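One structure, pasted below without further comment.
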Amino acid sequence: MATDAQQACFEAGIKFGSLYHQFAGTPVSPSSARSLEAAMAEAIENQPHCEAVEVTVHDDRVADAVDHENGYTELTGSLMDVRMRIAYEGVTVRTRMEMEDGYPLMKLVEVVDGGRPGSGDADSSPDADSSPDADPNA
Amino acid sequence: MATDAQQACFEAGIKFGSLYHQFAGTPVSPSSARSLEAAMAEAIENQPHCEAVEVTVHDDRVADAVDHENGYTELTGSLMDVRMRIAYEGVTVRTRMEMEDGYPLMKLVEVVDGGRPGSGDADSSPDADSSPDADPNA
Amino acid sequence: MATDAQQACFEAGIKFGSLYHQFAGTPVSPSSARSLEAAMAEAIENQPHCEAVEVTVHDDRVADAVDHENGYTELTGSLMDVRMRIAYEGVTVRTRMEMEDGYPLMKLVEVVDGGRPGSGDADSSPDADSSPDADPNA
Amino acid sequence: MATDAQQACFEAGIKFGSLYHQFAGTPVSPSSARSLEAAMAEAIENQPHCEAVEVTVHDDRVADAVDHENGYTELTGSLMDVRMRIAYEGVTVRTRMEMEDGYPLMKLVEVVDGGRPGSGDADSSPDADSSPDADPNA
């Protein structure tokens, strides 16, 4: 059997893979980036245990990537940052996708098990955030 | 060599296949349907020669399809209607996807070559629409 | 009403948009390129009026695009050539996607209406191919 | 910081979400199911830490789902079983997607941390499999 913290991390990974492979390749321009951000976040928030998703498509990177004859490019991981908060049986997982050394990396930022941040078996951290709002960083 | 009308129809088909296979499978619920409609339309409008796209996700069909334990379903052609207007070298093509006999069909609704509706070589129709606004039915 | 040739071109476009947006973003390496080529071709050949699809993923381009730390890249139009043959009510359409000026272009190569190549209303070409085999160039 | 076991579960989830949302919606028939199975498995095996993927598309379910006018359907989770083995820093994770109560569920089957199966902190199991072959059940 997996622990609740492991299960929460599995669920977090599913959401990341889903978001990326559902939407990578979507035609995008600075003028359509806002609706795509909203749709990506709301679509993935439908999935089980997904508390909050925040997608930022960087207009400057989109503009740089645009094929100037056609005025758009295709969405890839290098054009966006994504932050998510997953909750499973009292465990909260925060994840992030961002560029690192030129590649988009999906990362586990924090695993908080009932107020116990870190490995899931460390002591409770007094500054662990427990507010259940919609901010993926909360 | 293909005619401009044939090329316009080819372009119209590309947009339809793109929209369907980019977004089919997206998690959707009545509460996320609006952002998905907007993102689909704006994404495909980025593509060359695509003048207007209108996507209607039917909330009643989504609600019927929802897995009630999880509260969402995956987007398929049976949940939406799509209308597009493509313009290529003076030819305007109107297309539609809608349910017919239980299956979603992508259809050429009209091919208007410089005001000449129909096959592209018929006489000009006095009521052929030439207004270049954003309504896919215009 | 659209002509059969226009409808055939619309169908051809649908297949191209489908193939591209279904498979763009797929993780690919030189060692997985063969199975992906086969799956792409066979999947799209399922679609109505699609007679033959040939996909060539260029191993040299994949190797150049590979992130050498991870050993794979994501499929984009710049890594492959695609050729298709669509048949609709006696009209045969040949299409191709290949790099042109640094961008992958989807092109109508030929529209043959009952042996009449070109615009669909030209004279019959004696060397128009009518053999219904599986070669998209046939 | 997340533990290696948690990180391994996150990686496992990414692969599952990727596989599902990359390939859901692909046109499939009994005759194209084999090439799709192979492409799905080989594509996802490219991803980091992914040791083995086995995809079974059930021909009987595909045949039942086929639109008999067109002869194909679109891939969904209900048509296939998937098993994966992920390895991360000495932790092996086995996952499975299969139908349960009418819905396809992605599940963590086993987390083995350096020979310690289960929660990642249990005692070593004498029958824990440690052979690094290509069988996702190995």
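Each chain carries a letter (A, B, C and D) given by its place in the written order, and its residues are counted from 1.
FYI, a contact is a pair of C-beta atoms (placed from the backbone, for glycine too) under 8 Å apart; a residue touches a chain by one contact, two chains touch by 3 or more.
Because the structure is a prediction, the values reported are computed rather than measured.
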**Study point:** Both-way neighbours, i.e. chains that touch chain C and touch chain B
**Key:** A, D
Review point. In terms of C-beta pairs in contact, which of A-D and A-C ranks higher?
Key: A-D
Exercise for review: For chain A and chain B, let me know how many angstrom lie between their CA-based centres, rounded off.
Suggested key: 30
Review point. Once you find the CA centre of chain A and the CA centre of chain D, what distance in Å lies between them?
Key: 22
Study note, to complete from the structure: Whole-angstrom distance, CA centroid of chain A to CA centroid of chain C, is 34
Check your understanding: What positions in chain B touch 2 or more of the other chains?
Key -> 18, 20-22, 25, 70
Exercise for review: If every chain is a node and every touching pair an edge, decide which shape results: line, ring, star, complete or other.
Suggested key: complete
Practice item. Would you tell me which residues of chain C are touching chain D in their complex? Key: 18, 22-23, 25-29, 31-32, 35-36, 38-48, 70-72
**Study point:** List of chain B residues in touch with chain D within their complex
**Key:** 20-21, 24-25, 67, 69-70, 74, 76, 103
Point to revise | Touching residues (chain side chain D, partner chain A) in the complex | key: 1-3, 5-7, 9-22, 93, 95, 106, 108, 110-111, 118-121
